[in-house]
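I've put the structures underneath this note.
What follows is a pair of complexes built around chain A, which joins chain B in one and chain C in the other.
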Partner chain A sequence: MTVEKFYYDNKIVKAFGMATVVFGVVGMLAGLWAAIQLYLPASSLNLPATTFGRLRPLHTNAIIFAFVGNASFAGIYYSLQRLCKARMYSDKLSWFHFWGWQIIIAAAAITLLWGKTTGKEYAELEWPIDVAITLVWVVFGINMLGTIIKRREKHLYVAIWFYLATWVTVAMLHIVNSIEIPVSFMKSYSWYAGVQDALVQWWYGHNAVAFFLTTPVLGLMYYFLPKAANRPIYSYRLSIIHFWALIFIYIWAGPHHLLYTALPDWAQSLGTVFSIMLIAPSWGGMLNGLFTLRGAWDKVREDPVLKFMVVAITCYGMATLEGPLLSLKNVSAIAHYTDWIVAHVHVGGLGWNGFMAFAILYYLVPKMWNTTLYSKKLATNHFWIGTIGIVLYAVPLYWAGFEQSLMWKSFTPEGQLRFQFMETVNNLIPMYISRSIGGALYLTGALMMVYNLAKTMAQGSFIANEAAEAAPLVKAVSPQKEYWHRVIERKPVTLLVLSLIVVAIGGLVEFMPTFLVKSNVPTISSVKPYTPLELQGRDIYVREGCYVCHSQMIRPFRDEVARYGEYSKAGEFVYDHPFQWGSKRTGPDLAREGGKYPDSWHYNHMYDPRSMSPGSIMPQYPWLLDNKLDTASTPAKIKAMITLGVPYEKDYANRANADLMEQAKTIEGNLKKDKIETDPDMEIIALIAYLQRLGKDIKGPAVTAQQ
Partner chain B sequence: MKFIHYIKNVSGVDIMGVFSLLVFVAFFIGVSIWVFKMKKSRLDKISRIPIDN
Partner chain C sequence: MLNKKSIALLFLSLALLNSFCTMAQDAAQVPQTQASPGLNPALMLLIGIAVIFLLCIGILGYVLINVSALNSGKDKNDQCQVSSIPKTPLLLITLLSSSLLANAQTGPSAETAIVAQKATSIIGLTPTAFYLLVFTLFIEVVVILVLMWNIWNLLKKANPVTDIVPIEEKKEARRLTLNWWEKFNSLKPMAQEENLDTGHEYDGIRELNNRLPPWWLYGFYISILFAVIYLWRFHVSHSAPLAKEEYELSVSNAEEKTKAYLASKGEAIDENTVTLLTGKTDIDAGKVIFEKSCAACHMADGGGMVGPNLTDNFWLHGGDIKSVFKTIKYGINAMPPWQTSYSNKEIAQVASFVASLHGTKPKTPKAPEGVEVIGASQNQAADSATKTK
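Right, the complex of A and B next:
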């Protein structure tokens, strides 16, 4: 048989690898800065772009899509070529993917800091960028499938399955969650409202973790771990079960982010059950990884790549045990809205994703530069400083979450809440300081890696095109009927379609009843659409990322009802495009904020939170007092809302601004009574209008439900 | 005014729970049968793909 000579494309791997390093450092810096703001609010510099509400989305997006995304692409482009014994299908598509992705990241960085956001966590990017992501993702898929189709290896190794499932599921999640109606070039409203928006968002949010941060990285584990340990994976059977069970179950688990909220009980229970079931495949995968090293633990002592992988896989196991436990309603009752969740995420992010990315970089650079690592000792030090960083980061936050939750729920013998919200926050400051030290250590480790890799590159010489040889794949003529599983194993498109069916089932079953809700849930008669001024204020609330620290969802617990008021009802959110339930209470819940304080309190509080609430860690928003409200956008916004089914009168768009000014003047008058002079057409006025509206719909005595 | 009262009125919502359980059990059994019917020699061959490259 003739042997074909061909070349692996290392240049594209190098490009994605470089991007991983750069955006990793940027993303971690953003995270560290945001973390410091929690105990030094002045470090927001009182600038809109560098304030927590905008910096935190930048951090999460940079880490998820730029750091882990680029690392996954680097690993996939390297391993896919070798597993298929073929160069990538098209160099042009590879580079289109690379530059397209980096431009999206740059656009994301600019728009997020600029305050252009959809207000849905991890899906904050506005519609033009969503369209670009779809385009680049399709190109990535074509390139990957093309490579698989022209491969010289008969079997599709399990890593490739993970890559394909990642591709098809992320495509589905991104498209479904990003359905939005554009209002202007950089503003859109989610197609869904309230409960439905929440369900779709957390179906997306949870599976962004599953299919962007987990499945591609598991694929990389199944390639790079055997490679680094120089032995096959412990059980290939287990890897197949791991794959199918994981992709099947993960997609159902989203509702566990909404336990005790206004989401239907039925969907909550489904989320819990499937989350618990997730332990099995996740731990199957972890054990498969760790058992691969049986009898080779001496190598772990020597090789920094394996060291990072062992801790990464262990963190994967820890996070995937903790996740299901957090999905139990009684545990969620304690952990939800607290720093416990932040700790949990960072065990996964810093431990699993970060350490896997480091391991792959330490593996790839010496290989592609045809040399050895510049300093093993430095890499080992990176490993230790990173590990200590993770511990210093996570442990105080676990403590913080647990303690704050207990303080929230604590009552005096007389039946009063024992602690003011502010007391529970101030109690966390030492833990916040420690976590930022942990984060700083982790970042220091990453910088050590940058130096080490740069030195390694300098001492080696880069092999842009790596020569390889393999026999072409002859079309198999099988004498007897093939088993169906053999067919799947060889046919990428069949595998792709099957994966899509498997992941689509969960989504469909969850969505169907909830989308039927629209016609079956009685709307609460007193719940009315937002006034134009409130709508503008709400958009400012979204723009400044208030949802990052404030929830708008009171769970039906004694302490929450005592602290915030009547628990939230699904019918209250029917006009909320997007929903703003939030996921974290760094500050108090705002679902019933309306009418709690006078307008002047909010005015002063936005200018300097500490003047009204001593000890507050909220940033200052002085620009809201100086910015003129963009009233020119009001008609377009009302029109978009009408399209989405919000019952404004048909011609209301043209009259909206008159109503807006009228309401603004009332607030201006209220402020004047408290000796605050301001124009009515300022952003702060709109925001006050929105905050004063929150939760008021059902505060009146006569709340009736209409069938 | 608990939300569950309304979702209970959605006709056939209990079917969804039973359906999801059955689908998963059937799926899981299917995958298990497939995996355990695979020949050891083939599995070994496939699992060596990353190392032999």
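Right, the complex of A and C next:
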């Protein structure tokens, strides 16, 4: 048999690796800055671009899609070539993928800080960028599948199963969740509304964690861990079971983000039970990792790469046990909307994703530069400082979440709420300070890595094209009967299609009834579409990222009803494109904010929150008082809403601005009574109109129900 | 002779019995009227004991097998194969806890759902569930005794040989044997690794084909069982409250609780609104508390010892009913606060009793302390004191 000689493309791996480091540092800095704003609101600099509501989406997008994304691509491009014994299918496509992705990241950074957002968590990017993501993702898929098809290895290793499932599922999630109707170049409305939008969004949001932060990184673990430890994979059988179980079950678990909300009960229960069933498949990955190290634990003591991996896999195990437990209703009742969730996410983010990325970088750079690591000691110090950082980050936030939740729920024996919302916030400040110290330590560790890797690169010489040789794949059909899964492993397209079928089931079962069966979202006749001014105000609410800190979903709990008013009903949100239920209550819930305070309170509060509620940690929004409202966009927005089925009259788009001015003048008049002089066509007026509308639709019937 | 299979079987049946108890409890529940079984302290205690007994049985069974193996002279390698035992207790515990967890899902509502139990219940459990649990505990105790008796008999016959092994041999032995952790995970000795090799090789990465760790596999099954029970309870049998029902339950319970609290507080008395109580029942109630908690320092007749004399006209912290109430409730200097021990109503009763002591002749009166008070309230107190007599 002839042996073919070929070259692995290391240059593309290097490019993705560099991007990983750069965007990792940028993303962590954004996170640190946002964290500091929680106890020093003035550090927002009173600039629109750097307030928490815009910085936080930047942080999450940078970490998920830029840092972990690029790290996964680097690892995939390195391992895929070696596991297929083939160079990437096309260098051109590789570089199109690389530059396309980096341009998307740059565009994301600019538009997010600019306030261009769809208002859906982890899917904030506007429609032109969504289209670009789809295009680049397809190119990545073609390049990956092309490489797999021209491979010199008969069977596909488990890492590649994970890569393929990642690709096909992310494509499905991104396309379904991003269906939106463009209003202008950088503005669109989600196709779905209210409960349905929430279901689609968290089906996406949950599985973005699953298929962008988990499955590709598990694939990387399956390659880099046995390579670094020089040990065989613990169990092939476990790989098969946990792979299929994981991708099948994960998709169903999305509704656990919506427990006790207006989502139908049956969907919530599906979210809970599938989360519980997810424990074992997730732990299968952890076990296959940790047991692979059996007989190599002496190496873990020496090798920083393995150290990072062990902590990463342990954090993965912790987070994937905690997640299902958080999906139990009685735990969610305590943890949801609090910093507990932030802590949970960061055990996964800092521990699993961050440490895996560091481990892979420490492994790749010496290999590709044909040298040894510049300083093992520095890497070990990075490991320890990073681990301490994670602990300092997570522990105070667990405490904060638990404490705040108990304070929210606390009643005096006389039946009164024991604490004002503000008291529960002020109590958290020390914990917020500690978490930012933890974050700063973690970032320091990352900077130590940057120095260490730069020095390593300097002392070695880069191998752009690494020579390898292997025999070509012979098409001969094997005469003896193969194990059934081995058959699938040599048919990449079958594997891809099977993965798609398996991941499509959960979503279909949850979506179909919610969209088609009317009883799931009972209509309320008193709920009317937003007025043009309120609609404009709502867009400002979305633009400023208010949903990042304020929920609009009162759960059916005694304390929430006492604090905020009648609990939220599914029928109240039928005109909300997109829904704005939020996922965190750094500030109080706003679902029934309308009519709670006078217009002038909101005016002053937006200018300086602390003047109206002392101790508040909300940023100032002085620009809302100076910006003129863009009324030219009103007709297009109304038209888009009509297309989405919102029952405005057919020709309302043309008359909308007249109504808008009329309502604006009323608010201007109210403000004048309280000695505030402003023009009616300011952004603040629109925002006040929206805030004063919130929750009012059913205030009448709710009162009668109480009597 | 007991062998490992029979012990495992015994175990399984006991566990099933255990979980049936919880199930029976389940079935007997009507969520609207009774507290969730998962949070009934008596049930938790009994199940806790049952689980601990099960663990004991597991450990004793394991010891018994080893002792019997030692006795019959089986070699060490053979013992390595005994892996069914440790996983069984685990299976049971998880089985139990999964059903408990499913029950506990009634959550916050149950916390507040403390509604009077039916007269037919025993320590808050239905009779069936109670007797089933007691029966299980009884069986478990019998099994433990039998196991202990067996071990004792075997140990009497046993004659273990202790030998000293050099370090290199120990290392080699380590490759051949398994510790408890490895057995727990159904791992094979390192020396047998070639047998597990699948022959797969990708870029130098080989794949073994270890058995799935039993606890993992059974954990997976149990999580599926949990899912079925959960969906059944919430959406088929409707024996667990959905969000809206849970909310209504929690609000009505809280209302009841608040009402009860306000009633127990004696219509919301505090130091600003307290008035002198003159009814005989109130004074007598005050006397009982006084003798229990105050007499140690003030003497039963109020003559004073560590604390001041309460019968004279001299008061350190005011002698009117409001001041006395306040002193008792919050304490001052050496006087401890009593607000966490007694309700405001009870404190008012004690204060009124103290007022009734004014002018009486104690056996060993302590010298006067503080300022002399002869005010309207004092007279009033003295008047009422004479009246009650």
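Definition applied: the second predicted complex is superposed on the first by the 686 of 707 C-alpha atoms of A that agree within 3 Å, B and C clash if a C-alpha of one lies under 4 Å from a C-alpha of the other, contacts with A are read in each partner's own complex, and residues count from 1 in each chain.
The rule is short, and it goes like this: contacts are C-beta pairs under 8 Å (C-beta built on N, C-alpha and C of every residue); 3 or more make two chains touch, one makes a residue touch a chain.
Everything numeric here is computed off the predicted structure, so don't read it as measured data.
In the overlay built on the shared chain, the residue A:Y260 is in contact with chain C alone; chain B does not reach it. Contacts of A:E414 after superposition: chain C is touched, whereas chain B is not reached.
With both structures placed on the common chain, the touch criterion links A:R237 to chain B and to chain C. Shared-chain residue A:H155: touches chain B and chain C both. Shared-chain residue A:V509: touches chain B; no touch with chain C. Touch criterion not met for A:I667: it reaches neither chain B nor chain C.
Of the two partner chains, neither chain B nor chain C is touched by A:M618.
In the superposition on chain A, A:L83 makes contact with both chain B and chain C. Within the superposed three-chain model, A:K227 lies in touch with chain B and with chain C [touch as defined at top]. Residues 79, 82-83, 85, 153, 155, 157, 223, 226-227, 232-233, 236-237, 241, 245, 265-266, 269, 277 of chain A touch chain B in one complex and chain C in the other. The touching residues of chain C, when paired with chain A in their complex, are 101, 104-108, 185, 187, 190, 193, 197-198, 200, 202-213, 216-217, 219-220, 223-224, 226-227, 230-231, 234-235, 242-244, 246-247, 250-251, 254-255, 257-258, 261-262. Within the complex formed with chain B, the residues of chain A that make contact are 79, 82-83, 85, 153, 155, 157-159, 195, 222-223, 226-227, 230-233, 236-237, 240-241, 244-245, 248-249, 252, 262-266, 269-270, 277, 468, 483, 485, 489, 502, 505-506, 509, 512-513, 516-517, 520-522, 524, 569-571, 703, 705.
Residues of chain A touching chain C in their complex: 79, 82-83, 85, 153, 155, 157, 223, 226-227, 232-239, 241, 245, 260, 265-266, 268-269, 272-274, 276-277, 279-281, 283-284, 287, 291, 294-295, 328-330, 333, 411, 413-415, 555-558, 561, 567. In the complex of the two chains, the chain B residues touching chain A come out as 1, 3-4, 6-7, 9-10, 13, 16-17, 19-20, 23-24, 27-28, 31-32, 34-38, 43-51, 53.
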